[in-house]
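Below is one structure; the comments refer to it alone.
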Amino acid sequence: MLLDCQDITYQYPNTELPLFKHLSFGIDMPGFHAIFGPSGVGKTSLARILTGQINDFTGTVTTKKDNSKILYTYNLERLPDWSSVENHLAKVTPSGKEDLKEVFIDFFGVRKIAHYRFSKLSLGQKNRVNLIRYLVQAFDVLIMDECLANVDERRREAIILKIKEHFPDRCFLYISHNVSEVARFCRQITILRSVHKSPQAIAISGLNQTKEKPFEKETLEKTMLEVMNAV
Amino acid sequence: PASATDVKITYRLKWLFNVSAAGDLYADADGIFEAHGLYVTVKAGGPERDAIKELELGYADFGVASADQVIRALSKKSPVVVIAQLFQTNPLQWVYRDTLSNIQKLQDLKKHTIGITYGGNDETIMRALLSAGGMDERDVTYFSVRYDYTPFYKGRVDLWPVYRNAQGIIIANKLKAAGETVRFFDPAKHGVQFVANSVVTSQRMIEKDPALVLRFLCALLKGWHLAMAPDNQENAIGIIQKFDTDTPLPTLIRQLASTRLLVHPAGTSIGEIDVNAWRQTEAIMLAQHLIPKPVEIEKSLELGIQQNAHQIVSKNILEKTNVYIEKESP
Amino acid sequence: MLYRRLYQFFIIYLLGLAILFTIKYTLRLSEYVIPAPATVLLTVAEVYARYSKDVFDTFSVAIIGQLISIGLAIFISIFGRHASWVGSFVKVAAYNVQAYPIVALAPIIFILLGDGFLSRLLIAAMICYFPLLLSMLGIMSEPITEVEHFYAATGRLRWQLEVKIRAFENLHKLATVIAGSATLAMAGTIVAEFIAANAGIGYSIRIALYQSDLSKILIALFFIGITLSCYQGFLEWLGQQAGKLWAGNA
Amino acid sequence: MLYRRLYQFFIIYLLGLAILFTIKYTLRLSEYVIPAPATVLLTVAEVYARYSKDVFDTFSVAIIGQLISIGLAIFISIFGRHASWVGSFVKVAAYNVQAYPIVALAPIIFILLGDGFLSRLLIAAMICYFPLLLSMLGIMSEPITEVEHFYAATGRLRWQLEVKIRAFENLHKLATVIAGSATLAMAGTIVAEFIAANAGIGYSIRIALYQSDLSKILIALFFIGITLSCYQGFLEWLGQQAGKLWAGNA
Amino acid sequence: MLLDCQDITYQYPNTELPLFKHLSFGIDMPGFHAIFGPSGVGKTSLARILTGQINDFTGTVTTKKDNSKILYTYNLERLPDWSSVENHLAKVTPSGKEDLKEVFIDFFGVRKIAHYRFSKLSLGQKNRVNLIRYLVQAFDVLIMDECLANVDERRREAIILKIKEHFPDRCFLYISHNVSEVARFCRQITILRSVHKSPQAIAISGLNQTKEKPFEKETLEKTMLEVMNAV
């Protein structure tokens, strides 16, 4: 198991009912996976449990290497505004990853605004710039919490494919509300359901589309339906 | 008129409650004011206080002010009059260690580092002394004095200005405890008569109710008489202690003794207004351009009232009975 | 929390004494420059009752003074928060008054207010309110768009609401400054008493200075410090409670 | 902007005078209590040269003092920003020192530093740094998650960066406080001169007080006010420039 | 014309090239309309021009009634945190609209978290709560800038239909990156294109789906294609 959550129960302080009850799920292979579920079901909370930002839960979170690096990025993050986006990216890029960074800057379409301060960017531009700085870091698991939510679909799909191409052996947990996208690009789709249902998490395998391997319409629709029904 | 009935009066001192106000406090605490039908609030003073201003503003009816304050006030047309002079000798003197050669003549000041409060009347006095001795600032080193005595303690300053009867005693004690002895340099002994604390009131008051002024002054002087009377020391000390809680008894006794010498030196009467000293004070201030032109100080010295009060008081001090009230009241 | 504050204060105070005494004994300074520990102890026995009373007296004035200055700061920062003419006028006024050393203003204050409680209070407040004013100005003049946008767009953003929003978003900063300003209220009151010379520990300090009695001053500082540490602790606790209540255990 | 500041200061000053003079003439007070306008003018002619020089002298000390206290405040707030033992210790220390009235500390300061420039500077800094400290503490102890998350997660959040981020996000507030603290630096220096030095406007004020010469004090206040208004204006302008530069004309 | 922009040219201070050049477009009937375009093309900027937050542009923005109320809401807005979401909603609901508010609270699925402080909500919950308070205001035009971006598709669609049902005669400008959604639910889709293309804005009519009138798959795909090609 790359990542394994067993029997997780958690309730936020002074709330009526628990958010998770005996929640279990696991990721056993690298790839571009999804965590999917209705708004408010607990995706972000789960991510914060995985990264240890929440630690007063019961149950166990285990990773293959016990020093696996789990990074978490979300769509409200900001870069400091005291210098241009490109300077910041340059600063936080580990040596050896410079070329990768340049590739992403071009491919994500932020080259022509790379000399702006972050605050001047559009939402989608912010999303992309922020994602780049995470991609060039060292990580085993990267949790992407709606961190492309404000990017247009065409570009978003291109970006996802690019990521899959560059990091075949890393593990991504992609949190998004776009069913078709999740169904098309993700390998394992972990569906979070309300605490009343059990099991609270169900795994569905997606089409895991790549540049090489396009998808068939029917399977997509089947999977999408499967996902929607599972929720 | 006010003089017949009981009156409320506010009396502003020059400085914090201490031995320099012995008589004022005595008159208050021993019920002398009441006995004279006066209900007096005695208020402590301080460097940021100015009795003369309070007279004008009506915050006070009588007050204690130093001569230089009075003269400045007069030169600015403040309607103030002097009804008594509490110190016959100015308590402001300079303390120095006896390791310093004894200062017998003014020229002995040469080359010494002398503490002065810039703008204070110790500066005025020192300049007067220097010019009297045919010297000026260049012959000595001035050192600006502030709240703490450290520079003197650490020997950076040779002469330090103190109130002989108050701080003077305290410092002498401290150094004594450390096995050092001190002397005091008294300007008066070198011909500089600079008047210190005096009792003042407003022109208005004198004109409106001279009897009241007389009555107050009598009570006050009686207070001073009793406070200064050697055979009455216990009472005096007891009263001062009530107000000045911070000074230990032995110190207080010494302070009182020293105060006696300043308030009631041989051949003077308590409260006596030394006109010549006042004239000299004015002359000094004029010479140092602290006032633009003469104020004719003697015009503002109420000698009459003072002498009148003195006779009454010394009389019934002798009789040890308070005949004054019957006399006055109709 | 409070305990820590207290014993940390003790440490600091003792450290201070230690330094003084080392200076005394290394430089062989005599008793009258820096008193010996024994002397200090004797003085404690002599004055502790009176001084603790004085400090308490001062402290109670300080609290009122602080309350006043908080009110004052809020008031001025509300006017001063805009770059408008009035805003800048109020600011210029507030700043200038502050620039004048109290010692220089004191005589004028006494002329206008007479001596006693009122002057004492005013001076204390004047010394205490300015830091409050500065941070409040900073906070109040900075819009919080994501929150204010709706109210502005729907014409609901009356100044009370604006102030409320900005204060709330900066609750933590405000709490820090207010708690800290207690210190200044205390210092202010002491200075006031020092000048007005009629009551409180400030008055006692003045006398001690006049009599050049360092040990008394050291003791006064001790009482001041301990009172303040407690009050500080209390205020911070209060701030946390308020925060919890208002922000709902956030 | 600067012009406005200046003439607003004039208005305030004249208002103050007006009040004093009204009191004078309604209560028929003598020159001694409140001088007549004519006297004040005469005094101006007499002292303006000396006083403006004095004020300038004081002002230069104040600037240095302010710089020092900014440094001091940054330093302490960096240590004090955490709820750690050291943090609270530093804070307790800073607060207590502040609570002690300078006049009471002065003797000790003089024992340690001797009199003259250094003590003067120290006292000025001590009076000026505290408000700075308070707001900086408030600012520095409040995390800015959306910005800091990445650096924390990737182990890059060294304290320098943390401080930089929090300072930058609160640039406007900091600018306000720093500009405002100039006032305190000035007041601080004056007080220092008042109780210590033999130079500067504080010293002149003390003499004027001894000689109970209100007109001189009024003139001193005028020079202080005008110098300060200019400096204030300058600092605010500087703050804006710095902001523009750092935040890229944001 | 309900809303008419003529010949709008605008360039942000210290940027190389203008964002809009002679941009013209108009909305001539009420309904649920869209402004669509790639990330960074200028949708938000355009919205800020329409609401007057940006006013140093050249060109004219005219509305039918010259006192038309244009409201703008975006997905980063926050409610004050000093009291519960329901209190805030109650406070800002004009009298007469209380029932409407209650309807939305239920229908948007925020009833069970209505007693929380805003900061405790999930992104999607925040989106919905924020939208409710705008819907109960008086407005002629409401610009919704990605203000449902973090809500799951199912709920989002339901919400859009609800809005259309309740406000047939108001004008909405819906900014979103979800092509199919825009194509299905919007009446007029104004497509913003990069400043190099001209005209910079193209109008396409969407399926304008409502509860009553469902849509045909083909037309949807046609429209989606049309939109994608127009971009």
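Going by the order they are written in, the chains are A, B, C, D and E; count residues from 1 in each one.
Definition applied: a contact is a pair of C-beta atoms (placed from the backbone, for glycine too) under 8 Å apart; a residue touches a chain by one contact, two chains touch by 3 or more.
Here the structure is a predicted model, which means the values were calculated and not measured.
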Suppose you hop from subunit A to any chain it touches, then on again the same way; how many hops at least until you reach subunit E? 1
Show which chains lie in contact with subunit A and also with subunit C. D, E
For the interfaces B-D and A-D, which has the higher count of C-beta pairs in contact? B-D
Between subunit C and subunit E, what distance separates the C-alpha centroids? Give it in angstrom. 51
Could you grab the centroid distance between subunit B and subunit E? Build each centroid from C-alpha atoms only and quote it in angstrom. 86
Within subunit B, the set of residues that touch 2 or more other chains is 48, 50, 53, 57, 147-148, 150
Give me the residue numbers in subunit C that touch at least two other chains, ranges are fine. 33, 103, 107, 111, 206, 209, 212
Subunit E: which residues touch two or more other chains? 76, 120
Determine which chains touch and list them pairwise. A-D, A-E, B-C, B-D, C-D, C-E
Contact footprint of subunit D on subunit A as seen in their complex: 51, 71-74, 76-84, 92, 117, 119-120, 130, 133-134, 137
Can you tell me which positions in subunit E touch subunit A when the two form their complex? 12, 37-40, 44, 75-76, 109, 113, 120-125, 127-128, 146, 149-156, 177-180, 228, 231
For the subunit C and subunit B complex, residues of the former touching the latter: 29-33, 50, 103, 106-107, 110-111, 114-115, 195-198, 204, 206-213, 216
Which positions of subunit B touch subunit C when the two form their complex? 16, 43-46, 48-50, 53, 57, 59, 147-150, 153-154, 167, 170-171, 174-175, 177-178, 245-247
Subunit C contacts subunit E in the complex at 146-147, 149-150, 153-154, 156, 164-165, 168, 246-248, 250
